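Just dropping this structure here.
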Amino acid sequence: MTDRPISRFPVPEIAGLPEDLRSRILAVQEKSGFVPNVFLVLAHRPAELRAFLAYHDALMEKDEGLSKAEREMIVVATSAANNCPYCVVAHGAILRVRATDPRIADQVAINHRKADITPRQRAMLDFAMKVATDSRAVADEDLAALRIFGFDDEAIWDIGAIAAFFAMSNRLANLTAMRPNDEFYMLGRR
Amino acid sequence: MTDRPISRFPVPEIAGLPEDLRSRILAVQEKSGFVPNVFLVLAHRPAELRAFLAYHDALMEKDEGLSKAEREMIVVATSAANNCPYCVVAHGAILRVRATDPRIADQVAINHRKADITPRQRAMLDFAMKVATDSRAVADEDLAALRIFGFDDEAIWDIGAIAAFFAMSNRLANLTAMRPNDEFYMLGRR
Amino acid sequence: MTDRPISRFPVPEIAGLPEDLRSRILAVQEKSGFVPNVFLVLAHRPAELRAFLAYHDALMEKDEGLSKAEREMIVVATSAANNCPYCVVAHGAILRVRATDPRIADQVAINHRKADITPRQRAMLDFAMKVATDSRAVADEDLAALRIFGFDDEAIWDIGAIAAFFAMSNRLANLTAMRPNDEFYMLGRR
Amino acid sequence: MTDRPISRFPVPEIAGLPEDLRSRILAVQEKSGFVPNVFLVLAHRPAELRAFLAYHDALMEKDEGLSKAEREMIVVATSAANNCPYCVVAHGAILRVRATDPRIADQVAINHRKADITPRQRAMLDFAMKVATDSRAVADEDLAALRIFGFDDEAIWDIGAIAAFFAMSNRLANLTAMRPNDEFYMLGRR
Amino acid sequence: MTDRPISRFPVPEIAGLPEDLRSRILAVQEKSGFVPNVFLVLAHRPAELRAFLAYHDALMEKDEGLSKAEREMIVVATSAANNCPYCVVAHGAILRVRATDPRIADQVAINHRKADITPRQRAMLDFAMKVATDSRAVADEDLAALRIFGFDDEAIWDIGAIAAFFAMSNRLANLTAMRPNDEFYMLGRR
Amino acid sequence: MTDRPISRFPVPEIAGLPEDLRSRILAVQEKSGFVPNVFLVLAHRPAELRAFLAYHDALMEKDEGLSKAEREMIVVATSAANNCPYCVVAHGAILRVRATDPRIADQVAINHRKADITPRQRAMLDFAMKVATDSRAVADEDLAALRIFGFDDEAIWDIGAIAAFFAMSNRLANLTAMRPNDEFYMLGRR
């Protein structure tokens, strides 16, 4: 069996991309040793990739309220619910690295109710899963349940908005049949 | 019964927003006669609103492959599947205006299979609904079915990406309990 | 796109209908200015239409326990759950008229949890939705929850029976592809 | 364990019912040796019972296009999908009697796909189940599939309308917790 | 309509089976007057049938914690949820015999919430149904709810394991299109 | 966060187990370097564990029709559909080893439709998933679709029976909250 291509759609050359995207991609490659396919696949539409990255960074690159590892837990749990290979494999790797725990990503992806996480993290993921799979029923009571664990308005917004952002991201990855880079499978497993 | 607030989260004053957002909002108000609540609710997080608007405009403000009205059909059909009041009411209004048809938005929202649309539009909405509700199963065959109706790679990307973007948008609106402005209910009904 | 026909089945002439149905239909036309398609479509089977109307009137034409507007709320919420274009559009119109509220029908159809209704009405619609979508699980506890809001046996029967009657009605409309009259879209919107 | 009551709601005395209902009930009792509980439970609302019976008879008491046994098959299959004890037990008995087959009702109730029925009856039940459980998706193609087996417009209407009528009936029975008479369990089993 | 065969797969002669299976089957035939088809259908794979029977007997042939009739209730309720004709018909018969109640099997199969059973049995079946249909969500709270009714660890294991074993059994029967013997339909109905 | 226990139920000492189980467990430990928790958790019921292992070996320890790696693919795909942590993690490890492919288990667990497998394996997993999640609808047409890829009766039985056996196994693991051994996470990843 030969591997599938990384996208169902045309994939641009890095060299031909707008300067800001090109330098961001090269910086990631410099740091990680490879270019995550999400950059190449979405670069088919530079304006969309630019907005995607800006949104992603606004939600994921901070540590208040929720740790970076907790943000990745939300990504992995909700992406597994959407059966999104790219997001589970890639963000599973990031989660292992950020949590320095080689088991956590598989646990959260398969069944977050059985993962080795705190009750606070369990409440966080229950809410994220509701936003991901049944957002029409999100009620004031759900927010109140989070406040019991110390989540404030900003943290609740983050949980819900990350689940929402990856609802989009999972669908883009499933639309394009985005392929996870081989490098992600082993990252953070020691 | 008094009306609900426009958001579960704090809503900023327009005057205190960053210049770019403020002037965009004032321009919309100038043109429409009111400020759609999505601007005010998401402005609680200016960086996120900026990315949201950039992404939205990249997908919705063009006419190639899909008309602007067809783009709004996708929004209305998928937002109804997610039971999102803001998106159905607001984009229903925009769809009526862009299609100059007072019935189309209600038809598409309630059951797109019975709407007065062309077979090509029906195929477009079937695909958008699959991306919205069962993206894990999106297959090459689904894309082939669209090509029969003349949709090329760019149009297919647009259909799927609009469904994906509003998967996020619906969840943000349901998270915040975003309230549709009263003005939208009558717009485009003649 | 030309409009679809009003039914998948033969539609009789009003002139040839049994006298009781004909005079009822003419009375409605006199009052409303048009003949709602449900009369014409179901008149293909006069005995069935006669029973349908008798049942409908027994449940909908009274004001005790539930107001007439509240009865229509039940129709709109459950018909939207069944994606029934005729019932949502036609009864949405009647709801707007009876509630003298141009927004209520759209709110209840899209997501009754976010509608501008009282907690008592919310409990009423939650129960109606359970009867409509998961009647096997209706339990004594559900009836007890309604009694807290002052609904007595007669009002509870009405809520459940209206949901049940429109479970039939929605399926008849979806079977026949019953088309809503254009007049309904604007009724009650001011 | 003592038996449950026959209804969650008040049950009237036969003697106090309007004459037409009373004589119909007594005629049934005369013929069957007992009064099926549906008469007693729904008689709490005489006008509704009258319409219910008129509708029922219009759909069930004829033999053209579909045999009476086939009509009962539709009732049993769709009522089982709604987990309605009264309808499955009572109409299962009638089906056994009308088909003079002691196994058919259990087979159709548990899984109509495995029942000892003809391909034509299988097509009939597939359509009835779609009307019962997913009527929003009923399409012209579904009707065309029935015509291949010789079902004409009148027969198709009957299949769909019976499924629709019992969608109501099942919900009324689940609302009232209508109890099947003990007599039904053994009827037609020889 | 001729009857379907008892299996989609080859069915061996009893005479040619390994001695232990052959003598077990003949003993059952001696006692019941017929050979239940499950023996013949699964005997296509003697090693699997041997393990199947050993597992079955370990779970079903005892009376502590749960009566034998209660064990059969679990089988009937969960098998009906999986629409498995063989298991519902055959174990329905055994349940009627063991409970000496001609109505209980039909009641439990159609809707266990409405069956004439004790609150303790209702709790038992609620748990069994969760294991059968949503085992991923089984939580410590569910086990605690059973302990309130006096179920200890061993009884809880039995409830869950019987539901699990018949999850397999239902799928084997649906895979092979295993046909219930005619004799089962009347057993225990008096 | 401390780790959860390996079972919700009592776990026996190996030394106290019946000789046959004890020596099997020690042999596995000898070969693998650890005792997979499934042995310890199910050993709470020796007779059940004995039947479980006999059944397991009859289905999994052979190479005809389906390779051993393909059998493990079925386990991983269906166990992921049931959100069973033990089965996905433990059999994911075995699959990686048997397929000598470090990516295959994650791919199959997350979305078998996007895995790097052959069309024949895709058909195999589609059928296994139907047996696992919707066995009531398994039809002759499904078996015919497998025969196109060269699967004969024996191979089809294996696919279906493995899916059925792990339907049980997943439920036992979710019932007991069976914890995967840490060793499995890294096995076969190179």
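A, B, C, D, E and F label the chains in the order they appear, each numbered from 1.
Just so it is clear, a residue touches a chain if its C-beta (ideal position, glycine included) is under 8 Å from a C-beta of that chain, and two chains touch if they have at least 3 such contacts.
All figures in this text were calculated on a predicted structure; none of them were measured in a lab.
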Touching both chain C and chain F (chains): A, B, D, E
C-E, A-E or B-C - pair sharing over half of the A-F contact pairs: B-C
Between A-B and B-C, the pair with more C-beta contacts: A-B
Whole-Å separation of chain centres (CA-atom averages), chain A against chain C: 44
Centre distance in Å when chain A and chain D are each reduced to the mean of their C-alpha atoms: 51
Chain centre separation in whole Å, for chain F relative to chain E (CA means): 23
Where chain D and chain E are represented by their mean Cα positions, the distance between them in whole Å: 28
Per-residue multi-chain contacts in chain F, two or more chains: 83-84, 111, 136, 177
Listing of all chain pairs that touch each other, if any do: A-B, A-C, A-E, A-F, B-C, B-D, B-F, C-D, C-E, D-E, D-F, E-F
Partner chain D, residues of chain B touching it in the complex: 111, 113
Parts of chain F lying in touch with chain D, wherever the complex brings them together: 136-137, 139
Residues on chain B engaged by chain C in the complex (per definition of touch): 1-4, 80, 83-85, 88-89, 102-103, 106-107, 109-111, 114, 116-118, 177, 182, 185-186, 189-190
Footprint of chain C on chain D - complex, ascending: 8-10, 44-45, 47-48, 50-52, 54-55, 58-59, 82-84, 131-132, 135-136, 138, 140, 143, 153, 157, 160-161, 163-165, 167-172, 174-175, 177
